[in-house]
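In what follows, chain A forms one complex with chain B and a second complex with chain C.
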Partner chain A sequence: MTTTDTRTAAPEPVLADRAERPSLGRLWDTWGITAILLLLLALTPLVAPGFLQLENLQSVLRESAYLGIVAAGMTFAIAAGAFDLSVGGQLALVSVVTLLAYGAGGTPAAVGAAIATGLACGLVNAGLITKLRVPPFVATLGTLFVFRGVAYILTQDGPQTLPYDQIGSPFVKIGGLNVAGVPLPFVIMLVVYAAAWVLLRRTATGRRVLAYGSSPAAARFCGISAGRIQLFVFALVGLSVGIAALTYITRVWTADGSAQDGFELKVIAAVVLGGTSLKGGKATLIGTFSAVLLVSVLNDVLVGQGVPSAYQRIVLGCVLIVALTVDGLRTRFAVPGSLRRAVAGLAGRSTDPDSA
Partner chain B sequence: MPAESPVLLHVDRLTVEFPGVRALDGVHFDVRAGEVHALVGENGAGKSTLLKVLGGLHRPAAGEIRLGERRYRPRRPADALHAGIAVIYQEFNLYPDLTVAENVFSGREPYHRLTRGIDYAELNRRTAQLFGTLGVHLDPARTVGSLTVSEQQLVEIAKALSVDGRIIVMDEPTAALSADEVTRLLDVVRRLRAEGRGVVYVSHRLDEVFAVADRVTVLRDGRHVHTGDLAETSQEDLVRLMVGRDVSAATRRTGAVRDDVVLDLDQVSAGRQLREVSLRVRAGEIVGIGGVAGAGQPELSQVVFGALGVDTGAMTLDGRTYRPSTPADAMAAGVGFLHEDRKSSGILPDLSVRDNLTVSVLHRVRAALTRLLSPAAQTAVFAEHRQRLAIRATGPGQLIGQLSGGNQQKVLFGRALAPGGRLLVLNEPTRGVDIGAKMEIHQLIDEVTAAGTAVLMISSDLPELLGVSDRVYVLAAGRIVGHLTGDDRTEENVIACATTGRRVFSEVAA
Partner chain C sequence: MFKKGLLPLALAGALVLTGCTDSNATDPNAPKDDKVVVGFSVYDMQYEFFQKMEKGTREAVTAKGWEFKLHDEKSDENEMVTGAQALIDSGVDVLIISPFKPSALGPIIAKAKAKGVPVIVDDIGGGGAPYDAIVISDNSGGGKLAAEYMAKQIAANGKTGKNVASITCEPSAVYAARRNAGFKEAIEKAGFKVVAELSGNSKAEEGYKVMKDILAKNPDVAGVFACNDPMGVAAANAIKDAGKSPVKDIVAVGFNADPEALTAIKADGLAATVAQDPTAMGALTVKLAEQALNKTAITFDNAAEREVYNPVQLISKDNVDTVK
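Let's look at the complex of A and B:
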C-alpha cells in the first residue's frame, strides 16, 4: 500500500473526539426546561407550603398523565414538521366509546375499545393527509370537529358516566391505584416516555421521522417515503390518545362531546415549551416530559393559591410566549457576531437618509 | 442604423461585490434606441448580476449607469420601472389568479368616472391594444394561471409596454419555449426594436442571438470580454470568446473502463423534460452529461434514481429490467444519488454528521438481536467515512450545517456510496465547494470507478465535465444532441451542441 495519500496521512483518533463537548446552546435545547422545572420545584414550597404533601404530589402526577401521554405522541408529529389539531376531539370520542364498551363488556372491552378507537382516529387523519393530500393542519382541524360531533351524537341522551357502584372494578383502578405511592397513570406515562424515547432515538423509523422533519426534500432522496412517515406519526398520536383516555376517563368518570375543550392547544404548547421545534427535525422527549410537569405544577400552585382560572390561562400563555421568545432570540443570534451586526444594521439604517 | 441612434443606457466600469466574490468587475455595456443587444457568457459569467443591478435588486460597489444624460441609481425594483427599464426575469412576477389585463395594469387600473370602481371595459380595451402592437392575440379576460409559459411571457412584455418601458431586458426568454413559440417571440422582439426601444437579450442559445440581435457583449468571470456587431462575428468566434481559456487536458485516470454495461437507457421519455434519451454507462466508467440549465439534466438523474416516473422507454441495470418507482427501490438496487442542490435537497440540517451518513443505510447499523440502532455501529460508519473521504468534522455528533460546503459535500458523497456503489448518479458534484475539496471529490470519483462503480455525472462546469468524464452526452431541450468521445470532447463542441442546434456524434468503436 502506498503511503503518499495525504488525506490519510494524519488519521485522527476516532473515539476520543475532542471538541465533542456539547455546546451550552445544545444542552439548553434538551435540558433547559428541565432546569426551570427543578427551579420551580425548589421555590414552590416557599410559596405554597401544602405543595409537598404526599396527596398533593400524587394529584399533580395523576393529573399530568393524560396530557403527558398525548404530548409524547405529539412530539413525533411535530418532529415530522406536522401537528395534530384533532387530539381534543379524539380524546372526547375515545372516552365516550370506552365508557360505552365498558358498559357492554367490562374492563377488557373498555381497554380494547380505547386503543382501537384511538388508532382508528389516527388512521382517519393519516388517510386524509396521505391519500387525499389534505395538509395536516386542515385535515386535523376538520376531524377535530368531526370527532367531537360523533362524540356528541353518542351522548345525545346525556353524558356517558361510570356508575358509582363500579368503584371496585379493575378498570376504575387504572386511574385510582397507587404503585408504591406513585399513581398508576404516572407509571403508565413513564413507560410511554421510555418506549417513545427508544422509538425516537434507537429505531430506524424514529430516525426517519427526524430526517423527514428536518428536510422533506432531502429525505425523499434518502429513500424516505413521506406517506409512510405521516401514516406512522398520525397513527402514533391516535394510539397515544387511546392510552391517555384510559387514564383520563377512569379519573373523571364521565365524558361527552365537550370533554377537554381546547386540549389540542395545551398539548402542542407543552411540546413546544419543551423545546421541540415547530419547523420539524428537532425533538426532545425529555423536554416534553418536563414541560408537561411544569404546566401541571404551575396549575396546581395557582389553584392552591386560589387564583381564578382566567388568570391561570394568562399565566400559562405568558410562560409559553416567554419561552419561545428566548428560544427565538437564541436561534437568531446563535451565529457569532450576528448580534453585533444586527445592532450595527439598525444604527446604519437610521443614519441612511433613504431619499430616492 | 443603430450606430447613429441615441444611446439609451450606458453602463460604465460597473463592479458588484458579494461576500468573498466579485461578481462583476469593471463591466461596461450600452444599449441604443432601436437595437437588440445580446448579452452572452457561461454560467457564472455575471449576466444575471448585471440584470439585477439594472432591475434595482443589487446595488453596485463602484461604477456608474446613465440613462441618456441622467444618472441612474435604482434602489428598488419600482425605481427601474419609473425610469423606463423593464426587466423580465426567468421567474415571472405575475398574479396567477388575476386576469391578463389586471396583471398588465396592476396598481395602475383605470377607474370609472361614475361608479369609482375599476373600469374593466377600458382595462381590457387598453390591454388588447397593447397586444395589438405586439402583433399577437391574447384574451385580456383570461386568468394568467391558465396561460402557457410563452403566453405568460407575453403578459410580462405587455406589462413592460404599459409603463412605456424604453429598455426591455429579457433573461433567457426562450428557455421553456417550443420552436414555434420561439419564432413568435423573436417576431415580438423585432417589433419592439422597430418601435425604437432598446432590447437587452440574454440567452445561452447562440442561434437565436444571431437571428435577432444587432450587437453582442460577451462576459466571462465577471469581466467584459468583447462587444461588437454580430454581422462581423462568427458563431465560432463567439464560442471561443465565451470559453476564453485553453481547453484543459483530461485528468489522469487510474482504473480502466470495463466491458459490462451497468446502466442502459433505451428511448426513455419523461414528461416534457426528457425525450427519447438513450445512453449507456459501463462498469468503471464516468459518463458526463452536459448542456445549458433546464435542458433536462435533473430529470434524467431523477428518472435513473426512481424519483421521477418514466413515461415510455426502458431501462436496464446490469442487464436486468430496471423500473424503480421510488428512490428506495433504486437504493436497494445499489444506486446512489447526489442532488444538485446541497442546501435544500441534500443535507438534513438538524441532524448530525453521523446521522446524515447513515440515514440511507439504517438497516445496516442495527443490533442483530434487538433490531435497535446501535450507536457503536453508527459511529463506526462515521469513522470509516471520515477516514476514507477525509471529512473534517469535530466528531460524529457535530451538526452537518456547521461543516464547510466541501465537507458537507463529502458527507453527501459518502451517503451516495452507501447503497453499495453499483451506480452513482452525481449532480453537480463540486458545485459551490472550494478548489481543494473539488480536487478531493474528483479523486474520490476516480477511486470508486477504479473499484468498478459506474458513474453518471451531470455537470455545468465544463472543465470538470470534460476533465473527469470518459464520454460526454450533451442534452438540449430534453434530447441528446451530442455524444463526444476522445478528441471530440472539447468545450467548443459541448457549447455548440448545447446552444446552436448543431449535433455532434462521435464515431464509437463498438
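Let's look at the complex of A and C:
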C-alpha cells in the first residue's frame, strides 16, 4: 500500500518542474478527451455515412449547446469541490418562467427572465450553503425537488408552449438561426467557454476557486473566503443554466416540471469525462467542451444507426467508465518512472496484489 | 429480439473501442430516389402499446416495399425534437410521429413544412400544430360500446334501476373526456340517467374514493363507466368492498384493456373494458401517409382537427381470452 504513496500523495510536483517539462500525462489531462473526440470524428464517417452531412453536423452542435453551457458552469462548481445537483430543476423552472415571460412581454422579457431566474436559483443555492451551512450536496438535492415542484405548479394546466404562430419571432431564432452555417446556440456556447476560460485561467477569482477546491483548509489560511467562493460558483452555475435554457427552450418550444429529468447527472458526467477531478482543485474547460461534443456525437451516431435505446445507454455508460479508468491509471502512475517501478515492483513481489 | 440487438451492439462496441475495421463496404444508406422512405418517431419503445404501434407501422411500410426508419424518443422532449428533425434531415419522404410531448411538435412540423415532408401524428395529441392528419382511437365510439354493453348486461342481470354513474379523467385530457361523453349520449338513448359524473383524475385511488361517494349518495346505481382501467378496476373494488358484484349487481366498465383489467375481468372483478388497437393505428398512419404523399384528399372523422378515428373493441368475459 504505502511503497509508492510518498510520491503520488503529493498531487502537485514542484512548480518549476511543471513549467519546464510538460509531461505526456499533463497533456493528456487537458487534451486527452479532445484526442478521443478527434479520433471518433475521423472514424464516424466510415460507420455512419450520413454523419458528415451539413444539416446533421449543425444538428449535433445545436443540440450540444444547452448541455455544454451548463457543463461550463458545473466545471467551476466541481473545481471548487462541490456539485450542483439542482441544475435539472433549474432548467425546468427557468424554461417554464421564460415561456411565461415570452407570453407576457415578447423576446426581451423572455431573455431577461431566463437570466434573472437562473441567477436567482443559483443565489438560493448559495444562500442555503453559505448562510445556513447546508452541505452543497444536500442543499442542491433539496432545491432540485423544490425547483421542479415550482415548475409543476406553474404548468398545472398543461405544459408551457410556444404557439406555432410565433414561428417567425426573434425568440425562436435563438435556437434555429445559423450564423455563417454555424448554429447560434453553438456560437453562444463558444462565447460562454471563452469567457469561462478567461475567468478560470486569467483572473484571481479563477485561481481562488481552484485553490479552494484543492484544499479548503489551506485556502482559508491564505485568506480565501469559503463563503465567497461558494456564492460565486453557485451563482455562476445558475447564470449558465439561464443562458442554456434560452438555447434549449427556443429549440424544443415546450417545458413543464418534468422537463429534462436526469439532466444534472448528464452534466456532471460530461464534466468528469472531460477530466475535471471530482476531488476538486483540478479543472479543464477544454476537456469539458470536448466531452460534451463526444457525448453528442456518440448519441447522434447511435440514434442515426438505429441502435436500440437500451444499448445507447449502455454505450454511454461504458464510455464514462472507460474514461475514468484511464484517468485513474494515469493518476496512479503520474510521477515519471512510477509505471516502470510499479511493474518492476510487481515482478519483484508478486505476493502483494495491490501496490497503489 | 436478441438477434436483432446483436448487430447494433457489435457496432457500438466497435465504436467504443474505436477499432472499426471493415469500412470500405458499399454504402447501404445511400439514398435511393425511387424508394419511399418513411420515418417513424415513437414515444418510447419500453412500453408494450408503442411496441405494437411500431410493429403495425413497420409491417405496413415494408408491405408496400418502402423503407422504414425508426427513432425512439425515449420519453424525452429534447430527444423527440432532435431525433425527429434528424429523420427529416436524413431525407425521409414522410414523417409519422407519436409525440411524447404534443406541445413540442411545433419545431418538428416547422422543419417538415420547410422541406415539404408531410407529418402524420399517431395518438397522444396534436398540440395545435399544423400536422397533415392525426390518428386516434375512436374514444366516443368506445364510450358508446361501453354503454350498449352496460344496458344489455343490466337487463341480463334482471335489474330495473335506471341510474348509472360515470367517472372521468382529469379535465385537461381532451380525448379521454370524449369517452365519457360518448358513454353518456348512448346510455341516455337507452333510457338510463347519469346521476353522477365525477373526476377521478385518472388515478386508481381517487377512482375508488369517487365510487365510494357515489355508492353513499346513490346506492341504487345499476352501472358505472370509468374513462380508464385503473379507475375502472378501483371502482369495481369499491363495489366489491360494499358487498356487491361489479358484474351482476353494479356493472363496472373500464377503458384501455390494461393487463390488470383483463385479469379482473377473468375473475369477475370487472365487467368489461374497451381495447384500443395500436397495431391497427400504426397501419392506418401508413395508409394516411400514402394519401398525403399522393396528395389525395384524406377523409377525416373530425375535419376541424384533421382527426381520423381507429375503431375500438369491447372486451368482456366472453372474449377476454382472445386478447393477447
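One rule holds in what follows: the second predicted complex is superposed on the first by the 315 of 356 C-alpha atoms of A that agree within 3 Å, B and C clash if a C-alpha of one lies under 4 Å from a C-alpha of the other, contacts with A are read in each partner's own complex, and residues count from 1 in each chain.
Quick note on the criterion: a contact is a pair of C-beta atoms (placed from the backbone, for glycine too) under 8 Å apart; a residue touches a chain by one contact, two chains touch by 3 or more.
Being a predicted model, the structure only gives us computed values, none of them experimental.
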Of chain B and chain C, which one touches more residues of chain A? C
So, does A:S277 touch the first partner chain B, the second partner chain C, both, or neither? first
Contact-wise, after the overlay, does A:R220 reach chain B, chain C, both or neither (first, second, both, neither)? first
Report for A:T325: first if it touches chain B alone, second if chain C alone, otherwise both or neither. neither
Residue by residue on chain A, keep only those touching chain B in one complex and chain C in the other, then list them. none
For the chain C and chain A complex, residues of the former touching the latter: 4-5, 8-9, 11-12, 14-16, 18, 20, 23, 27, 29-30, 45-46, 69-72, 74, 76-79, 81-83, 85-86, 89-90, 101, 103-104, 106-107, 109-110, 127-130, 172
Quick one: which bits of chain B touch chain A in the complex? Just the residue numbers, please. 73, 75-76, 79, 305, 307, 326-328, 330-331, 337, 339, 344-351, 355, 358-360, 362-363, 366, 371-373, 379, 382-383, 386-387, 390, 394-398, 415, 440
Under the definition above, what is the set of chain A residues touching chain B in their complex? 7-8, 11-12, 14-15, 17-20, 22, 198, 201-204, 207-208, 210-211, 213-215, 217-225, 277, 280-282, 354, 356
If you look only at chain A, which of its residues touch chain C in the complex? 36, 39-40, 43, 46-47, 49-50, 53, 55-56, 59, 63, 157-159, 161-164, 167, 175-176, 248, 251-254, 259-261, 298, 300-312, 314-315, 318-319, 322
